[in-house]
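Next come two complexes, and both contain chain A; in the first it sits with chain B, in the second with chain C.
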Partner chain A sequence: MLLEIKNLHATVNGNEILKGIDLKIGLGEVHAIMGPNGSGKSTLAQVLAGRDVYAVTEGEVIYDGKNLLEMAPEDRARAGVFMAFQYPVEIPGVSNTYFLRAALNAIRKQRGEEELDAMDFLARIREKIKLLEMDETLMTRPVNEGFSGGEKKRNEIVQMAVLEPKLAILDETDSGLDIDALKIVASGVNAMRAKDRSIIVVTHYQRLLNYIVPDTVHVLSNGRIVKSGSKELALELEQKGYGWIEEPVGA
Partner chain B sequence: MTTATETQIENYLRQYGEFEKKAKAPEWLRAIRREAMEAFAELGFPTLRHEDWKYTNVAAIKREEFEPVSSEAGEEHISAIRRRIQALTSELDGPRVVFVNGRYAAELTDVRGSGARIGTLGEALEKRPEAIEPYLARSADYRAHPFVALNTAFIGDGAWIEIPERTVVEKPIAVIHVAWPEGKPAAVYPRNLIVARRESQATVVEIYVGAEVPNYFTNAVTEAVAEENAVLEHVKAQLESERAFHIATATFHQARNSIVRSTTVTLGAALAREEPACVLDGEGGEATLNGLYVLAGTQHADSHTTLDHAKAHCGSREVYKGILEGKSTGVFNGKIIVRPDAQKTDSKQSNKNLLLSPDATINTKPQLEIWADDVKCTHGATIGQMDAEALFYMRSRGIGRKEARNLLVAAFANDVLDRINDAPLRESLKRHISARLAGKGD
Partner chain C sequence: MPTPVNNVEELATQDYKYGFVTEIEQETVPAGLNEDVIRVISAKKNEPEWLLEWRLKAYRHWQTMTEPKWANIHYGPIDYQAIRYYAAPKKARPKSLEEVDPEILRTYEKLGIPLREREALSGVAVDAVFDSVSVGTTFKAKLKELGIIFSSFSEAVEEHPDLVRKYLGSVVPYSDNFFATLNSAVFTDGSFAYIPKGVRCPMELSTYFRINAKDTGQFERTLIVADEGAYASYLEGCTAPVRDENQLHAAVVELVALDNATIKYSTVQNWYPGDKHGKGGIYNFVTKRGKCLGRNSKISWTQVETGSAITWKYPGCILQGDGSTGEFYSVAVVNNYQQADTGTKMIHLGKNTKSTIVSKGISAGRGQNSYRGMVKVLKGAENARNYSQCDSLLIGDKCGAHTFPYLEVKNSTAQIEHEASTSKIGEDQIFYCRQRGLSTEDAIGMIVNGFCKQVFRELPMEFAVEAQKLLGVSLEGSVG
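Moving on to the complex of A and B:
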């Protein structure tokens, strides 16, 4: 088991958003999390990445045998956790290349690997940039500044490809993409599928799951996982919406 | 009964009397110094009641009995100073002229082969006073400004730089003022004069540094003239030691079609005040005043800038940024004057501040005096904290908290430094400031 979430409760500004999440993800598995707007999907993703505006009030998260909630965000990243943001952040004045190299070197240092200089780094990312058909000039610009929505999402996937996490959480990386961009992003993600890597895909759209086929689909509603099933569940949700799913027994 | 203030002024009058006995000077300069001393005695030190000094309390300067440094710096100091200068300016390989405690230091100076005439005011006053008479004490108003008055009363030495007509000087000319007093609290009065002749181009960087102990007071005045179509790049780096006081005025008098770009970097001193002022006195001129202040602890720095549009069709740009930590306090007051003749003026001002601590404060104020009707003037000020989302984004990628913070703060500062055209000078300042930013905080 790579990730085990037990009875996770989280609040923001005193409002409880996550109301007891239980979720287990085995190594090498791909899980999809779907659910209505405001149900807490991003909150779950951000809590896993370590955003401190969310207060965990109950429960625990075991990642790779470690107590994830006790770790600083950078330590989680260095231990292999990666979250692609639903809304990637703009960082004026810091170049995309510089940023990504600093991130990779921080992670490599943790792994006991040598830091890469600018030349080695560029050689290494070139192929990932190609794979995601990303405009190379975006790498010299400040992080996400002035990027289109699609460019920001692709940039997240480039980062994932370069940082090679063990657990990738993709928060609506497919939202706001046209079908061509969606295929590119999906093939970028599929290229990352591996026996020793788990992926959580948060999405509103079944369409993505045609390209990134999940092992399991979960429905998150009002702060709880209310249903889990095979990939067919996504099709059902697409047709019927979320209304038919009742609160789980005993909730 | 004599008041404390009177005693202080008596002190300066006495020092002036002693200085005037020793210092050689042409009669016209003696007259100016005398008039300046009288002005200072009349004006006294400003208090918080003066509108222009509302947020900057100079009582600590007034209280201290600063004395001009009477002896030359000893051998052992010279080598320490040499190392210090070397560390600061290793990227710069242009000409440099160095002053220690307000006196020319020949052994630290190297001005060979630059294409510019680089000398000292002291020497010019002896050998060619007529060359500087038209410029000295013409722009910096000693009748109205107490610190300019005090500096003017003690005019003795400083840089005298002349860029000949149609000459382009490639490398930046460094003017380095070192305060290295021994024993008593010292006052230093650097006075610089820069004349860029018609169609010339040059970069001048003024650097102010000092010894850690004892405390001292640098009261500096620079007057610069840009003749028709001249381009003058100017950088002022105030890197004084922690306990120092630094009060400075820089005036730029601009003729038709001239370009002046000045960047003031304020890092040092316990109490600092910078007053750069451009007068656009010919049509088609362009003035840029940029600035960066990086403050920590209990530092206080005040940037009082003036862009004075006297003639039509001139542009001015101003970007000032501040980074404040600890209990530091900052002031930005950006005055823009558009005189009745200055139609078609195009002026933009911005002041952005990053407060890294809840105890740091900044007072920012634009001050527009517009007497013409067909003008474009915009201004804006912001005060913000560290961007928590950007910080988290970086940390979520594995970048440590401290490094992420340093990257964000350096990016904020570099927005000003990147506007400096000369690459070695720009990189030298960036390196210096990044190190400073990384060293402070937690």
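Moving on to the complex of A and C:
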């Protein structure tokens, strides 16, 4: 088991958003987490990544044998946890390549590997850039600055491909993508599927799951996982909407 | 593995690594200021009569002036009678670098500025000013072969009195402002450079200012003249020991560029900024001005201001020659209780003159940072152009950023552009970096360096690297 979430509760500004999540993800598995707006999908992703605006009030998360919740965000990242942001952040004046190399070297250092210089690094990322059909000039531009919505999302997947995480969390990576961009992103993610890597796909829509086919689908509603099933569950949701599955508030 | 640091309270304050004191026998004058003190300073330097008269004229004028209060800075009263106006190592004024007191050589080595030429950074000539005197200048002989004069100010007065007399006070007159006038009365040492016609100075000229003595002010004066078609790049660095008392630094820098000459002046100011409670630190009241006297001349100021408890400085350009260019690139950082009121003055007199202002202010802790800039286009300045960009970055919520632009245009052909922005280092930016494996410190360093890139690009290579590191140190402990 790579990730085990037990009875996880989390609040933001005193409001409880996660109300007891239980989830197990084995190594090499792809899990989709679906749910209506406000169900807590993104909160779950952010809590796993270590965003401190969320307070964990109960429960535990074991990642790769370690207590994930006790680790600083950068330590989680260095231990192989990667989150593709729903809203990738701009960092003016810092080149995309420089940023990514610094990130990779921070992770390599942790693993006891040698840091890569600029030349080795460029050689390494070139194929990933091609895979995601990224314009190479975007790599020399400041991080996400002036990128279109689709370019930002693709940039996240380039980062994921370069950093080679053990656990990748895609937080609504499909939002704001047209169908062509969606296919490119999906093929990038599919190329990353591996026996030693687990992926959590957080999404509102079934559409993405046509391209990234999950092993398991979970439906989140009002801070709890209310249903889990195979990939067909996503299709069912597509047809029926979330209404039939939603837990009444206060139930 | 170091424990990860998550907020400002957990972090120690920045470590000011230049805070040591050199134990050395020194020669000082008693504290206080009067005409006798000025005469003593002048006599110690074997100055000609005209210079003493100039000092006294300044002193008498200074007594009629009051300290300026318009800047957005707050500090207790400065007791000018409690300051010592001269302190020098006893064995000062050696004939050559070989005679410099080993203790002083060690001091500069510790600061990363080896003065022995064979160890010195190739490509950089250094004039080392220790309290009130220059203790050594490297590569003088080599520069002399090209006709370049690079020496301490005192030496220049003795050896090239006509040049000094011609240009001293020609850009910053003795009556200019309270602190410049005080400097004119009591200035002790500083650097002098003259680059003759058509000579491109092959190495960076630099001065390293070190305050060491206690209760002493540093009042240096630098004068750089680039004759027709000459080029010089000049660097300035400054540090001081950690002390609980504030110390005054009131310098004057004058630059003169004749026809087609270019002077590039870069500063990395790292005076002791005071501790995290705002105790101690240097009061830095500095007047720096360049005159583009000749046609198509150019003066470019680049400053990285990270030190001092108080910074009050406005390096400016008087664009007198037709087609001349003035530039000002600035990064000013305040952390803890530091205050900075800094900017520039661009005075357009000649036709087709151009000026560029890029100011990046970074405020952290309880620091207050003000940009104050003036662009003045006078009647005769046909087709003058100015571009100003003024950006502020806030780290945390107890600091402040302020902008005071002044614009005075008397010629309708002028084109003036001004852009300004204020942003906050976002939690989301820091989290984004941390999620990719970078520590909080590295994240801030990266974000801040990205913010300052436009200015760092203007610095000579070695300095740019140094400035980036310094910025990281200055902001240590600034973010939660």
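As a convention for this text, the second predicted complex is superposed on the first by the 245 of 251 C-alpha atoms of A that agree within 3 Å, B and C clash if a C-alpha of one lies under 4 Å from a C-alpha of the other, contacts with A are read in each partner's own complex, and residues count from 1 in each chain.
Methods note: contacts are C-beta pairs under 8 Å (C-beta built on N, C-alpha and C of every residue); 3 or more make two chains touch, one makes a residue touch a chain.
Everything numeric in this text was worked out from a predicted model, so none of it was measured.
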Message: Output check: A:Gly65 vs chain B and chain C. Expected answer is one of first, second, both, neither. What do you get?
response: neither
Touching partner for A:Pro92 - first (chain B), second (chain C), both, neither: both
- prompt: In the superposed arrangement, does A:Arg78 touch chain B (first), chain C (second), both or neither?
  reply: both
Message: Just checking: does A:Ala102 make contact with chain B only, chain C only, both, or neither of them? Give me first, second, both or neither.
response: both
Query: Residues on chain A in contact with chain B in one complex and with chain C in the other?
result: 49-53, 72-74, 76-78, 82-83, 85, 88-94, 99-100, 102-104, 106-107, 110, 142, 159, 163
Query: Can you name the residues of chain A that touch chain B in the complex?
result: 49-53, 72-74, 76-78, 82-83, 85, 88-94, 99-100, 102-104, 106-107, 110, 142-143, 159, 163
Task: Sort out for me which residues of chain C touch chain A in the complex.
output: 4, 6, 426-429, 431-440, 442, 446-447, 449-454
Query: What residues on chain B touch chain A, complex-wise?
result: 387-390, 392-401, 403-404, 407-408, 410-412, 414-415
- request: Using the touch rule from the top, collect the residues of chain A that touch chain C in their complex.
  value: 49-53, 72-78, 82-83, 85, 87-94, 99-100, 102-104, 106-107, 110, 142, 159, 163
